[in-house]
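Each of the next two complexes has chain A plus one more chain, namely chain B in the first and chain C in the second.
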Partner chain A sequence: MRLEKRNVLGRRNAGIRRFRKNLPLLLIALPAIIYLFVFNYIPLYGLVLPFKNYQYSKGFFGSEWVGLENFKILLNNKQVLIATRNTFFYNLTFIIVGTCVAVVLALMLYEMTSRFVKVYQTMLLLPHFISWVIVAYVALVFLDMDAGLFNGVRKLFGAEPILWYNSPKYWPPLIVIFNVWKSMGFSAIMYYASLMGVDQELFEAAKIDGAGKLKQMWHIAIPSIKPLIITLTILNIGKIFYGDFGLFYNLPQNSPLLYSATDVIDTYVYRTLTVLGDMGISSAVGFYQSVLGFILVLLTNWVVNRIDSDNALF
Partner chain B sequence: MFKKFQKLLVFGVTATMLAGALSGCSTGGKKGSDDVIVWYMPKCIDNMSDLDLVMTEANKKFEEELGVTVDLRLIDYGNYGEKMNVIITSGEEFDICQSVSYDTMVRQAKAGAFVPLDDLLKQYGQDILSKWTDLEYATATVDGKIQVVQGQGTYSTAESIVFKKDLVEKYGFDYKNVKTLEDLEPYLKQIKENEPGMIPMMHDVWGAVSQRYYDESIPGLIFDDEAGRYIKLYEATDWLNERRIKNDFYKKGYIAKDAVTQKDTQTEAKSGRYAVMNNTGYYTEDGSKSSSNLGFPCVEAYRGNTVIAAKGGASQAISSTSKKPEKAMQVLNLIWKDPELSNLLGYGVEGVNYVVDEKRSAEIGSRSVIPKSGNEMTWAIWHNCVGPLWDQWDSSWNRIESLQYMQEVNRTAKRSPAMGFILDTEPIKTQFAKVTAVKDEALPVFNTGSMDDFDAYLEDFKRKMDDAGLNDILEEANKQFEAWKK
Partner chain C sequence: MKVKTKNVVSSTEKMLHIVFHIVLSALAVCCLYPFLVILGSSFQSQQEILTSGYSAIPKEFTTEAYKLIFLSPKSIIDAYNVTIFTTLISTVCGLFLVSTCGYVMSRNDFAYKRILSMYVFFTMLFNGGLVPTYILMTRGFGLKDSLLALIIPGICSAWNILLMKGFFKSIPSSLIESAKLDGAGEFQIFTRIVVPISKPAFATVGLMLTLDFWNEWFNSLLYINDPSKVKLQYLLITMLRNVEFLNSPEAQQYGVLTGMETMPTMSVRMAMSVLAAGPILLVFPFFQKYFVKGLTLGAVKG
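Let's turn to the complex of A and B:
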């Protein structure tokens, strides 16, 4: 009896102690927790909107239920299909290419010993902070069909100008290149930071055992950042049906001739539904997007669980 | 010591972020109190720095007559539609707003964003009603209810084509006799061959459809005047022919290669790189309207007057979130009643924003003013936005003759048989959304002619339109139109 009580007390004390110990960490996380709660949890009640015929005057709760009426837009709609396909495959490519590039960059940074490491880091990170609007105009300097750099050079050699903004075929690679260029710095730094935490002795031991640089990377560096790679990939897969609006709207200059290659769900929603102003239909498409994303996260996590349960998220 | 500082730092950062997060939630604040009328409007000109000055003057009148003040909130013209949409959708409390466009107004009115004004106008708006004609009634009415206070204005614009004057003179082109798009070709060819820096034609020339058709407000359809019913846009022969010619022009290099991505045609035209441009307002015989709008000498060719469809023009709506719609209506009524007040809101304050032109005032027998222009211009609300345009004092903005001419045109121009008809989109909501998406994708391409293969693109467009449910819309539109006619 007594023993049990002490045990409970002890456990509670341990809980308090742990809380005390982690308080600074919790405080640091607090803004993010509040942000998540305010912007991601409180608005969850909005999920009833896709099932309603929203009327300003009747308000949120007063508007009538229409069931799945608003979801009819998704049926037999080629444009939504194209947009979904584009969103999925672009993001998939971003995840694969982006991760590879970032890991390679992190390894290169790790191998670098000169004092210029900081400079390289900054240079890599810089694009991350430039708005897509500006990037889009930088791209225009290169690609402008009359006065752009590329076509200028082509003209110099007597070649016909390439009509970048009129032909969809150029855009899949262009979009991937620009997105990877813009995002690689940020993820490379994350992998680099995680590499810094790897015990140096491992590398030294490998070196003594005669492992070359490539062997060291393959057998020590990559396995040690594997958990981070997996976590980031799962998180990114969760967003695979969310197109980066800034990228897909600005970079192709919103050219209607390119929609077949550049339209993603977000730009479709923006284009069609801001004009239409129908809250029900817009939120139905948003709902569709998040359900697809949710299913994919569960799926990926399940797959990771089967292969390597230590690294799964839950 | 250092530890302590570290702790402080963590605390400080956390606290500021927290405060930031919390205050972020309450920026919607500053709600109108009981005696303040909150009024949203787009900025007519970029620099409206005399807002406080003008509104202090105007509020003296509002305060004295009605016991309220007006809090005029100006939003950049380019962002107005989007911002207003957010304000209305989020249910923010305000009293009056200028409608973004006719179609937006109808949509928002149908969704219940505005107070129906029939009773309010009868009770408090007699001075408005007495200045309205059937045109204002027709434009302001949605589903049988008056939804907005429609400003006076022209309902039929004189369309024109604008030519850069020096080039027309250099090549001796007979611009006055341009009647069709084809007539332009020889001139465009000359420009293309002899003026390397110039782009022969701005893509929005002949943007509006031919005189025979009008009312493009239903996506994918067009009202055929002769047949007296709606037809599919891609079956309208004039429309198709003009797009085909544009495509031909595009391939010959008469239209800029990047036309389809150009967003701001006005700025583009002002660059002076174009030989032929679309009208910048309405036709003036001496080209003065386009010359002053574009900033270089221009001449214009008259294309014809548009048919009156009573769809458009600035209007003011009273929000359904307003706690005092009666007061809001009284404010609007006072503006329509008192020309001093409407001109104060339009031109600004005497001595600061304009001076009175005594000589011309004596000549025409009513007040004439000289507003500041260019960089000195720090206030302007166009009078049709204020409301009573015909009460405007004579100035370079609008001469008294042109005001009279506009009213004359309103009386005499041809009217659409579909004037006042509004499609109820509820039964065809999803088809409407899908067709709109197809239209928004394809029209910029058709209007600039920038497709590789016109016929292939057209076939694809037809197929996409039909897949999206164009037939349902056509059927519904004609059914509702027939029912409405009776």
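Let's turn to the complex of A and C:
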């Protein structure tokens, strides 16, 4: 009995001692811990919001519970379905095309001398430095009905100008192209940086064994950046139900005619919130966005863990 | 550093090299050319754009668009002020939060390292979404129309914390141990030893934050109604609408435009984007070495 008690006390003392010893470091991290708590953890109460009929005037606790009412409305809403479909497939395409382009670019950059790398880098990074607002103007330069470059070329060949901002069918490829255009430089440099860390001797050895450039890339370069590719892909899969608001709000100029091709969950939530002022629906959409994303990350990580546990995120 | 051994290069490899150059330079041109067109057409006249389209090289050079924007410069100067002010403060505060947290997470002898890592990492996977954040900011903190609403959101992201942690990991622990033996406290170690030797890390993350906050506009859209408090990128969105309105039949009918010809809306648009993106595009290429260096330090692996 007494011995046990002493043990418990001893353990508690050890705990306190450990706390004291780590207190200074804990204090250093405290501002960030508080920030994350306030701006990332407190908004999690929003996961309860869709089960309530939230009214701004009544506040969170004053609003009454409505159970699954908001979700029922959601399931019967065609726009939500379209927005979800768009979000998912755009992001999936971004992940696949974006990663492939970036890896290929990185492999090419790796073969260049450092002087050329610098030049290419500077130019490829330019789109990364501007906001989607400006990218929308870049798009306008190409797609403007009267003065755009695309229609200018069509005019040269005597073809009818296309009303780009009225025709949803052109937008899926356009959105993918502009997204890749904006992001390829930065991701390529990320992979390039990772390639720079690869031991040179591996390449030398392969060369002596008679492997050509392409073989070296396939058997040495790509495997060595595989961990980074996997990490970034898992993180991106977690965000697969989050549309890039900046892209989808600005690039199609928020044109209602294009919603069928360009509306994503985030622009839909924004519209229901600002135009209709409907907190129930928009928070219900937010809820299923969060939950689906979370499940997907766990799932992907589980799969990666099964195949190659070294590269799993956790 | 890469060492290129001089070997007999086969002709296929030479071809490959040339193909790489062609592809890379084609893509590089794709990245640069649109900006040249925007710059060029901001100096075109409305008539020229309408007849021969946007062009990187204006046939007749006119600064009409810029003159029109600076006819009433108050809104654009306000927007510049707000953007510069909030970007500076956000970056400084963000650097402080991100570096302190990242540093503590990088310390292997920190007993609660695992819990803290989970705590930070979780925010990457899960969030409450737009609605609760909006309610918290406006109702909880009453930040509608406050500059704080432009400063606070997004200054401390898990991604940047992990990036910083990666940097700090490369500091040899013996350095910290010996400082401890000399009787330095944790806080002193951080400010006197860790911060000075991590300048490249601070430069990298600081530049990334600056870029993000300069280009940020969503918070102006959400929280700001007062037109004198919006950021530059958001002003660009609203100005576009106003310019279009001035040229619309309704506006002309009500005599908004009496005595003036049609406004050079197309070149004004381009001039506005030159003014909004110009500073960043002029400054950042000089700093890109920090961008690349930051990523090279193997930081992204978290």
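Everything below uses one rule, namely that the second predicted complex is superposed on the first by the 274 of 314 C-alpha atoms of A that agree within 3 Å, B and C clash if a C-alpha of one lies under 4 Å from a C-alpha of the other, contacts with A are read in each partner's own complex, and residues count from 1 in each chain.
Keep this in mind: contacts are C-beta pairs under 8 Å (C-beta built on N, C-alpha and C of every residue); 3 or more make two chains touch, one makes a residue touch a chain.
The model shown is predicted, which means the values in this text are computed figures rather than measured ones.
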| item | value |
| --- | --- |
| Touched partner set for A:268, first chain B, second chain C, both or neither | first |
| Touched partner set for A:55, first chain B, second chain C, both or neither | first |
| Touched partner set for A:12, first chain B, second chain C, both or neither | neither |
| Partner with the higher number of touched chain A residues, chain C or chain B | C |
| Contacts of A:283 with chain B and chain C, given as first, second, both or neither | second |
| First, second, both or neither for A:85, with chain B first and chain C second | neither |
| Chain B versus chain C as contact partner of A:219, first or second or both or neither | neither |
| Touching partner for A:144 - first (chain B), second (chain C), both, neither | both |
| First (chain B), second (chain C), both or neither touched by A:24 | both |
| On chain A, the residue positions that both chain B and chain C contact, one per complex | 24, 27-28, 31, 35, 56, 59, 144, 146, 273, 279 |
| Contact set on chain B toward chain A in their complex | 7, 10-11, 14, 17-18, 21, 25, 82, 85, 88-89, 91, 104, 107-108, 111-113, 256-258, 260-261, 263, 320, 429-430, 432-434, 436-438, 440-445, 450-452, 464, 467-468 |
| Of chain A, residues touching chain B in the complex | 24, 27-28, 30-31, 34-35, 38, 54-59, 69, 72-73, 75-79, 144-146, 161, 163, 165-166, 253-257, 259, 268, 271-279, 281 |
| Complex interface listing, chain A residues touching chain C | 18, 21-22, 24-29, 31-33, 35-36, 39-47, 49, 56, 59-60, 105, 108-109, 111-114, 116, 119-127, 129-131, 133-134, 137-138, 140-142, 144, 146-149, 151-152, 181, 184-185, 189-190, 193-194, 196-197, 200, 204, 207, 212-214, 227-228, 231-232, 235, 238, 245-246, 250, 266, 269-270, 273, 279, 282-283, 285-287, 289-290, 293-294, 297, 314 |
| Chain A partner contacts - residues on chain C that touch it in the complex | 2-5, 7, 10, 12-13, 16-17, 20-21, 23-25, 27-32, 34-35, 37-38, 41, 49-50, 53-54, 96-98, 100-101, 103-105, 107, 110-112, 116, 119-121, 123-136, 139-140, 152-153, 155-156, 158, 161, 185-187, 190, 211, 215-218, 233-234, 236-237, 266, 269-270, 273, 276-277, 280-281, 284-285, 288, 291-292, 295-296, 298, 300-302 |
